[in-house]
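Listed below are the structures to be examined.
After this come two complexes, each holding chain A, first together with chain B and then together with chain C.
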Partner chain A sequence: MRKNSTILFTLLALCVVVLFAADMCVGSVDITLRDIWAVITGGECDPITTKIIIDIRLTKALMAILAGAALSVSGLQMQTLFRNPLAGPYVLGVSSGASLGVALFILGAPLLGLGGSSLLSSFGVAGAAWIGAAAVLAMVAAVSRRIKDIMVILILGMMVGSAVSAIVQVLQYMSHEEALKSFVVWTMGSLGDVSTTQLLLIVPAVVAGLTIAVAVIKPLNLLLLGEPYARTMGLNIGRTRMLILLSTTLLAGTVTAFCGPIGFIGLAIPHLARTMFHNADHRILMPATALLGAVALLICDIVSKLLTLPVNTITALLGIPIVIWVVVRNKNIV
Partner chain B sequence: MIRFTNLSLGYGDRTLIDNLTGEVAAGALTALVGRNGTGKSTLLRAIAGIGDYFGGSIELCGRDLRSLSAADLATTIAFVTTDKVRIANLRCRDVVGLGRAPYTNWIGRMQAQDEDIVNEALASVGMSDYADKTMDQMSDGECQRIMIARALAQQTPIILLDEPTAFLDMPNRYELCSLLSRLAHDEKKCILFSTHELDIALELCDAVALISPPQVHILPTDEMIRSGHIERLFTNGVVEFNPATKTVKVKG
Partner chain C sequence: MVAVAEITGRREIGEEHFNSIATSYISTSQRIAEHTATTTRPRVMINTPYRDAWVLPSENNYMARIISDAGGCCYTTEGKGNTSKPIDIEQALLYAESADFWLNVGSCHTLQELTSQNPRFAKVKVVEDKKVYNNTARSTAPVGSDFWESGVVRPDIILKDLAMIFHPEIIAQEHTLYYYTRLN
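Then we have the complex of A and B:
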């Protein structure tokens, strides 16, 4: 069993490398592997190509890896914490919460006559998304302590999503054309709008979220047996819940802030990891989910560039069959 | 051992158990019996430190429950709840291994010694052959045994079980309780379990704790049978308890 996991991990890591290179090659301008190699090694290359590779392709491919790993790991933590196979950043309304935060920031701030430099607004978008995501998560966590029925929690998540889109529509109705346009572009979901400067904010946030996720591996394993068992084995449930909520906010909130709402990755990838590795131990699942998430979003990004469609359409089309399979099979997975 | 002093507990405004003083002995198997809704689970949860109580005190092996840290509690008491753990891809060995959580490092790395303890725990419930099966492939009885093995791996002097015999067929019920009796006697553990199986409690347990709201009587089994408490509690218009045969019969 351990041997199999090692082989799978090696294969997945290889996939990430290959797809990373492939993702850099695909796009509206043809770029060869030789060009990429030249840029990396500092060899001779056309200056425009160099600029495309570094400013656009590299950032975008890095963003695909970060976003894929971040969304999947946040989904894994939510599924175990809520003991709900259908939990995920999108389904539970966390992405909606982040959207509301961003909508209030992009559409609301100009209404109040506020505006700022681009770096300030990057921070603002991220901060707004974090606050929105954290607010929804805290609410869902509070309700799920009282109500154990997973259907109720899911319906609640959907309701939050609907409420948020209604509020966003009101904001859109009141907004000026320019603010409206930048918000609509944001909702399309894109890995490509991220600038290199923004990466300086995204990388630390995602790394912090993943670090916390690694720190809660043992608590997550204990939570597999349910809260009473976890508590009698010495788990500090309050602190664990806070850490998991903080980690998912940092991971899902940050990605949603800069790439728009990307659905189904967070929900579907943990299930793929469980099936592929035949394991429920988070010491295996956590790295497996992160790697698989990176692979999945790299694939989605390549497909979206080939078909020139927004990336969240592709994640939905690839993710929904997996979700249906989970529901139909209806096994106790977490 | 578990010692109660003037303990009162319940939920909301409702007091279920009032002024309980008594003790549950080490090296013995004690059954907790009582009608539905009289506070069996509430009492067990309070002893396990995951439920609150109104007043009085609970002492575990000579130390007050409220003075114990979560880590101390985890090495003093193990609890087998009614929660079903039927998770796909979760191996029995890993479930039992989680019982070592109070002793392992931040990521839960198992040392050779921990592995040995897990193997012993699996062997003592007769589930060694099932170690690499996953929890969704097991019957209710097998799952229950794995959860007991997990409690054993926690290596605590006290083990509590909430209705471990529910959902089991008759041979499995007797087998499980014989197992608990053996563990209590051989490993000198203090084992307290709630149950609705009066006949099993009277036949296999060393002592019986009977909730007769709002009091709890804790007596050795023979004394409990002679005491008359059981007749008072388990007799209604339809059935009556016969102390001679230790069984409940439909009134003729």
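Then we have the complex of A and C:
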């Protein structure tokens, strides 16, 4: 079994490298491999080609790896915490909170006559989304300190999400065409709107989130046995919950803030990892999920570039048949 | 315009207005055509990106046609009729690098707003040369744009605005920008 896992991990790592290279080569502008290599190794190339390779392709490919790993790992944590195979990174309202932040920024500010405010524009869409996501998660986390039953928190997260969606719909209903279009496009998700400067903010946040995720591998394994049993094994449930929520805020919150909500990956990839590795141990599942998430989002990014479609539509169109196939083939995936 | 005039029993006045707009449009476009027969048409980029996609008009789109009549050469996509299609941000960057003018930049009123929303396009030549114009000179309460309201029935004024931007030497004596404004 251990030998099989090693082979699978090697294959997945190889896939990440190959797909990363493929993602760098695909784009609407024809750029030769020699030029790509010259830019990456610091050689000479014309400025516009350098700009396309560094500012667009490299940033996008790195973002695909980071977002894929981050969303998948936070999905895995949510599925184990809530003991629910339908849980994903957005189950606690991260996506709805981010949408509210962006809706207030894009739709609400012009309605209040604050559209041109320099203070507001300095926050940017990403800042507004991050604040929205963090605010909703902080609220859920504060309530969860008083509630023992984890299912109540799940319901609470979904209710907060619905309430926030209603507010967003009111803002959409009252907004004018240009702002509405910007908001709808944001909800479609995109890996290509991230600048190299923003990437320098995203990397530490995602690395911190993944570090916390690795730190809770043992508690996650104990939670598989149920909270009462985990408690008898000496697990501090409250502290574990807080760490998992913090990790989700850093992972899903950051990715959603900069890329918009990206569906399917966080829900489906942990199931694919379980099927592929035939294992429920988080010491195996955590890295497997991260690598599979990176592979999946790199594939989706390549397809979205070839078809000039939003990445969110590709993740759903490519992902849903896979999930249905996995569910039909393996009835006991959790 | 003529249909509304007919309904209100003023068909003759309606036809007179319509014909004066049509005559004005045709005479301006003929003057521009004569001028551009011996000069180069500037390359024009329109719209702004929505995240990593940029929507451009097709060759027969009304905006591409009016830019062409005004003596410009609009970057377009393939497609029939009055359609628009998204292009990849890489292609858009390539076009923007070689554009002489950038028009219709959404809700941006200053170059700073434009470059903070689209940092990748901050260093393109057209922005550095400050040759960016938006159709937001006239607004209607609360958040409407007069370009998309009265502009629909005054293509002759839009044509003169665009000619003023691309070839001021032809029209500067008789026209000042009406719907368009230069971003600073």
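As a convention for this text, the second predicted complex is superposed on the first by the 246 of 334 C-alpha atoms of A that agree within 3 Å, B and C clash if a C-alpha of one lies under 4 Å from a C-alpha of the other, contacts with A are read in each partner's own complex, and residues count from 1 in each chain.
Simple rule for what comes next: a residue touches a chain if its C-beta (ideal position, glycine included) is under 8 Å from a C-beta of that chain, and two chains touch if they have at least 3 such contacts.
Everything numeric in this text was worked out from a predicted model, so none of it was measured.
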Ask   = A:Leu224 contacts which: chain B (first), chain C (second), both, neither?
value = first
Request  = Could you say whether A:Arg274 touches chain B, chain C, both of them, or neither, answering first, second, both or neither?
outcome  = first
Task = Using the touch definition from the top, say if A:Asp193 reaches chain B (first), chain C (second), both or neither.
result = second
Message = Just to be sure I read the superposition right, which of the two partners does A:Lys51 touch: chain B = first, chain C = second, or both, or neither?
response = second
Query = Between chain B (first) and chain C (second), which does A:Val29 come into contact with in this model arrangement: first, second, both, or neither?
reply = second
Message = Per the contact definition, I'd like the list of chain A residues that touch chain B in the complex.
response = 1, 215, 217-218, 221-222, 224-226, 228-229, 231-236, 274-275, 277-281, 283, 331-334
Remark   = As the complex stands, chain B meets chain A at residues 45, 48-50, 70-71, 73-75, 77-79, 81, 83, 85-91, 94-95, 98-99, 101-102, 104, 106-108, 132, 134, 136, 150, 154
Note = As the complex stands, chain A meets chain C at residues 27-29, 48, 51-52, 55-57, 60, 110, 115-116, 121, 124, 176, 178-179, 181-182, 185-186, 188, 190-193, 195, 197, 260, 305, 308, 310
Inquiry  = Please output the residues of chain C touching chain A within their complex, sorted ascending.
reply    = 50-53, 86-91, 93-94, 97, 106-107, 109, 113, 116-117, 119-120, 143-144
